[in-house]
Each structure stands twice: as C-alpha cells, then as structure tokens.
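Here subunit A shows up in two complexes: once beside subunit B, once beside subunit C.
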Partner chain A sequence: MSTVTPVDPAPREAAPRLTNVPAATRPGWTPPDDPRLAFVLSMADDELMIGHRHAHWTGVAPTLEADLAFSSLAQDEIGHAAIWYGVAEELTGQDEDTLAFGRAPAAYRHATLLEAEPGDWAFTLVRQHAYDLFDHLRLDALTDSEDASIVGVLGPILREERLHRAHARAWLSRAVEGSAVGRDRVLAAADQVLGQAGGLFETLPWEEELVKDGTLPLMMGDLREPWIAALREDYDSFGIPEAVDGLDLAGGLGGRQGTHTSVFLPLWQEMTALFRDHPGATW
Partner chain B sequence: MSRFPVLQRRREDSDWETVGYVHAPDREMALGFALHSFFRHGEGVNCAIDDGGEIVTVTDPRDVVAHTDKSYRVSAGYPLGPKRRKAEQRIAELGVRVEGVRPGDDV
Partner chain C sequence: MSSDVVNETAILEEVRAAVAGVEDPEMQPITVGELGMLVEVSVDGPTAVVDIMPTFTGCPATAYIGADVEQAAVAVEGIDRAVVRWRRDLSWGPERITEAGRIKLAETGIAPPGSGQTQQNSLLGIGGVRCPYCGSRNTRADSPFGSAPCRSTHSCRDCKTPFDAIKPI
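Take a look at the complex of A and B:
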C-alpha cells in the first residue's frame, strides 16, 4: 500500500496588487431624493441585475448556441443599463461606474425577482420571458413620456428587446413541446418566477409626482393587466395555460424601495468588489 | 438537433457566403441562434440559414445589426495607440528609459 506523506506547501507569493490607486476608503455615494433619478435608476438597476444573472450562463449553458445567445443577451442588458446610468449621470453628475457600483445595497431600486440566483435553465428562461415582456411594456409606455432624455434613448433598446422576447418565446415553446420533464420544469419555474413578479410593478418613490409632471405616462401598476394578458397569450401558445392560472402578484415586493432579499448582498459584494477596492482605477 | 449552415451578406451588393453553422431543433431557432452567434457586431447586412437547400432569411434586417454600444466585444473597442502614447509621454516626463529585451526582440 502506498502512503502519502504530507508536504508543506511552498509559501505562496502575495498576489500582486495595484499600487497606483488608494485602498478602499471612499464611502458609498447616496442618490439624492429626486423622483426622476429614482425612476431612471430603477430601470438601470433592473437591467444591470438581469444582465449580471444572464452572464452566469456564459460557458455553462446547455448548448454552445445557447451559451452565445445568453452571453449576447447579458451584454445587451448591461449595455441598456449603461444607457440608463448615462441618463442618471445627466441628473447627478456622477459617472456611470459610481452609479452602477458605488451605492450601498439599500440604494438599489431593482425588482427582487431580478437578483434571484439563476436557478436551472427553466427558471432562467421563464424569468427572462416574464421580465422582457414587462420591460417591453414599460419601454413602449415611455415612448409617450414628456421627458426628452428618456424618450431619446428608447430606440436602440426597444429594437434589441424584440430579439430578447423572440429568444425566450422560442426556447420556452421547445422546452414544453419536448419531454414531460421539460414541461414539468417549466411549470415549476413559472410557479417560482411568476410568484415573485409583483415586484416589477411595485410603486416607485414619488410615482404620482412623475405621472403628474408627464415623466411617466402611467403608473407602473397599470402595466399589470397588459402584462398578464401578454403572458397568458404566450403560455396558451406554449400549451401550458395552467401556468398563469391563479396568478398572484403580491410577492417579490420591496426592491423598488431598496429592500432586497438575502441573495443580494453577496451579489452586490461580487459586482462591486473591484470598484470598492480600487476607487478611481481605470482600465 | 440539426446542423444549419449560416449565411451572410456582408454588404447590400454582396453575394451570400457561408460564415458558420448552428445546431438547432428547427429553422426558427436556427435563425435566432445565427443572429445571436454571428450578427451582433454589424458583421453584415443580412443573415440566413440554409434549411435543406432552402435559404431562409431574417424577416426584419434591422435584427442583424447591434443597436447599443458593445464595442468592448471587438478589438477596435480596445484602442491601444492612445494608451501607448500616454505611456511614452509619462516615461518621457519621468526622464527614464526603458531598457531590456522586449517580446519579439530576441527572435
């Protein structure tokens, strides 16, 4: 019988550190109380979170084609986040990185559904489909906004969101048409995701004020009915209308007010680590 | 899953050329995968897949091009010239000289 003699590992050299920037000392930037800013940040944060979660599939998606597609979707969403942070930059003077990574967790305004861990492939597809339906309705409504800086950036985002919805619909319909396993997993995922989707429509801070001044053409809650109708139409076409039966949108609240689930803190720590460790660094 | 050749027209007056393949269960998903895999950086003006000899193009050519800035995905998004010039300027300001073998110099 062979024996294994433990060997002390060679001392590891300390990892090289950037020396051109100070260690993290800067406190988090706190957004001022501003209705338009709160709304724009809610959209930017939604896109950043879903983009980050989509990116988890890079390298591990079920097929190479799915891997590339989800990587592209992730980049689209993060690109859209950058656009909205750009609009917020006009309102605050803070750069995009500070807006995206320089805030305390409680200052993020995304729906909690979007911070949830990717789960399995079915969870990811159902969430992508549910969110992109909502996002399309929100963007479409915003074309009637009286805020020129918001309307001015909608075009490219809307065009890419068309592709996103087509991707989610195509995948979901194939997943359900295949084996019973696929159908069961999509139904289970729909139960999880749709139960948390209420947070997408959660009332924003100062929302009535935004509607009065024309920034918002309608209350975000007014998107619930068209979203449910679109969801029902798609799930009918997938052959699983029961996924939408008894839909309850009371869950998943808190995100728009800065209250997040337990998975957000580790996500925030991961996303903001470089920014917090090396404030002012450029690359 | 079937293998579908992906076709591209680089410019309006170009002929179709094969740029790669995707595996997909049907032509609709093949076309979607082709867009996501080959046409997100403005590579061409139109995209198609070959489904058993039938050329199936995208219904809306606007889908072929990227709309938001994703220049970081291509080498042009990393302009090295300005970085090099900035480094050279800093070296000159410091009054130092870089000596020693650089990659390629010892070949």
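Take a look at the complex of A and C:
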C-alpha cells in the first residue's frame, strides 16, 4: 500500500521554499510510487484550492446573489474534493482531513492557476469559467475509465458541474455586455488566466502508465484541443474572440508535480493552521 | 415464521419510520424521507445500518443530519448501535422528493420541483417558476444559487415576495 506522508501537526519552523521552476527540472524530485494516487490527489487538490478561493467572496461579493453563488460554488467544489479524497483514502488508509490538510506543501498536486489569489471580480469569473470547462471535460473523459472507484463517484459531481458552467457563462456574457470597463477587465483577466492555464493539462511523467492500465481513457494533455475549442466558442458568443489571444499553454506548469507559486505557502498555512494547531479537532 | 423474524421485521419498520422522520435542519419540518435522501435501512441484531445520500455533495448540514439519523435509530427499542453511511456514489435529484415533501416545501415558501424551474430560465433570469405564496407564474429568477446548495433564488412580481426554489439539476 502506498501512503502519503502526513506532516508533523506541530507548526513547522522553516517553511519550504516554493519556486516557479517546473518540478521536472528540480533536482532531487522523484515521482510518487503510486500514479493512481497522484492522479486522484490532483483532482482533489484542484477542487479544494478553487473551492477555497471561491469562498473568498462570501460576504464581499458585488451582489447578494453573487455572494450566495460563490458560497454555493465553494461548497460544491469542496464537496467534490471530499469525494476525491475519499477515493484517495481507499489507496492510502488516511482520512479526508489528513489528506486535505496534513500534507507538506510540495505534496499538493493542483494546477498553480487554482492557487492564484482571487484578484478582481473579472479574474474570478474568467478563472471559474476556464477551470469549470476543463473540469467538465476531464470528468466527461473519466466516464470511460476502467477504474470502478473513479467512475463510481462521477454521477453527483457531473450533475452539479453543469450549473457551474452555466453560471460562469451567464456572468461573463453579462460582464462584457455592459460598460467598456467591464469588457476591458474581462480581457485583462483572460490574459492573466489563459497565460497560466497550461498547468491544467500538464502531462505527468506517470500518466502513460495510467492510460495503459485503463485508469485514464486519455492523457490529460489530450484535453487541450477540445478545451480551446470550447473556450473559443464561448468567447465568440460573448463577442470577445480576442480574449483567447493571451493563451499560453507553456505557462503555469509545475503544480501537478508539487512545484507551486509564492502565493501557495501563505494559502497552505491558512488552510492547514487549524489542523496543525489542533490535531484531530472536530466541531 | 419464527417470532424472532417477526420481531426483527417490526423493528426494521420502526427504524425506517424513525430515520425517515428526521427533519432537515435547513428546511424544517421537511424530513429526509420526504426529500428522498434515504437509500436503504437494514437491521442486524441490535445494529441498524442506514444508507443515506446528501442532496448536494457540499451540503454543510450532513454532519447534523447524520447525527440526528443515528439518534433516531438508537431511540428505537431493540437497537443500541446505528451506522450511518453517506452514499457519495449516488446522485440525488429533485425528482426524488415525495408528494408529501412537495406540499410541505410549498407551505414553507420553497417552490418544489415541478413548479416550472429549469436550468435555462433560472440562468437567463426568465421567470415562470410558480410562486409558493400566491401561485403566480409572473416571477423572476434572480440566481441559480440560493441560501443552501440545493436552492435557487426567485422573486414574485405579483405578491412582491422573494422566495427559494429547489434547484434544477
């Protein structure tokens, strides 16, 4: 059985240094011994990070409806994270909380785009749209997985994700239809988000193995083309085809292999503070 | 049929009724049975096993509901242990809500499924969901998200009342 080494619940003295250097080039990096675990954790961590960032808007969103929406989106995404941590629990024997909050920063496998700070409202919407499009494609592809644990939990997740994509589309089209300020902000946000979207599709060194054993019906990199097509279609329908110009799939790499940006350490410290200070706490 | 079997069947029915009657803390007096959250109940000697599904995966009330279900099961005479299993592999949908549940929802001011909500109209802000207060369909969809993960928000142009509806999924 493979395991994820939990970090000592006591506060760490020296925080590990995080860089933007893709992990594959980092000396001393070794792939995890269980590719399936690495993959399931990448989905769980993606959802946990975006859920945490969405929760930022609770109490401070521009409208009451938006406040409720992002609170709900956060609950949904964290709920999905719990499901994927549950699948990882079958592989490690470690419970959801330990997997979510008890790992060292370099053990997290989410795309770095998802750890980025909420930014302005436009950044939040553009990121939600880009990520939910990707997540939907990923979940859809997984319906052909030969892994019963993965396929078994897709139903409720897919059902909820439909609303997420619809929400992002409705808000973005509304934002660009208004004043030039809104449109400019969305374009600036698209430049920023699409410049780091490559990390979503980062091809992991162990993915081939997962494709071979049927866990993955395709390489995550194979989702790039359909994702770009879906993105173009939506941006065209909003009347901002130029928003795709900033797309750079060579940006934002490293997260899936545990290399994160400088904003991740404070995020990790905040998210795991209670777990580290009060091991085993429930309330 | 031995009296033991008869007794066990009676206990099972009692446990089923007890856990089905647990109220959703976010939508009292609507019960988990009426919401269609119960999957299976079984009894093995003094142990009751209850399989239940959340309405939405991120529902924050699950811990409370789970504890209430456990309490309701062990309150049945002959049961001294209850195991509550959250089935995250099953997807709940508003179509699982019973007729009695639909009536209670409307009485609580929440438009039950079947009141005209669709993903499309709720996202485009088009109305048509029947107001649970006055029955008018002259309503506006304000947001596909509401005060709980399973609800969306609307308002009625006729009786000027804002209301929740069970979210279309």
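Quick note on the criterion: the second predicted complex is superposed on the first by the 249 of 283 C-alpha atoms of A that agree within 3 Å, B and C clash if a C-alpha of one lies under 4 Å from a C-alpha of the other, contacts with A are read in each partner's own complex, and residues count from 1 in each chain.
We adopt the following convention: a contact is a pair of C-beta atoms (placed from the backbone, for glycine too) under 8 Å apart; a residue touches a chain by one contact, two chains touch by 3 or more.
All values reported here derive from a predicted model rather than from experimental measurement.
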- Message: With the two structures overlaid on subunit A, would subunit B and subunit C clash, or do they fit side by side?
- Response: clash
- Message: Contact-wise, after the overlay, does A:229 reach subunit B, subunit C, both or neither (first, second, both, neither)?
- Response: neither
- Message: Once chain A of both complexes is superposed, is A:80 in touch with subunit B (first), subunit C (second), both, or neither?
- Response: both
- Message: Just checking: does A:152 make contact with subunit B only, subunit C only, both, or neither of them? Give me first, second, both or neither.
- Response: second
- Task: Report for A:281: first if it touches subunit B alone, second if subunit C alone, otherwise both or neither.
- Result: neither
- Message: In the overlaid three-chain picture, which partner chain does A:163 touch, first (subunit B) or second (subunit C), both, or neither?
- Response: both
- Where subunit A meets both subunit C and subunit B, residue numbers: 65-66, 68-69, 72-73, 75-76, 79-80, 82-83, 155-157, 159-160, 162-163, 166-167, 170
- Sort out for me which residues of subunit B touch subunit A in the complex. 1, 22-26, 28-29, 32-33, 35-37, 40, 62-63, 66-70, 73
- Message: Quick check: in the complex, which residue numbers of subunit C touch subunit A?
- Response: 54, 56-60, 88-93, 119, 123-124, 142-147, 149, 153, 167, 169
- Which part of subunit A faces subunit C closely enough to touch in the complex? 51, 65-66, 68-69, 71-80, 82-83, 86, 152-153, 155-157, 159-160, 162-163, 166-167, 169-170
- Of subunit A, residues touching subunit B in the complex: 63-66, 68-69, 72-73, 75-76, 79-80, 82-83, 155-157, 159-160, 162-163, 166-167, 170-171, 174
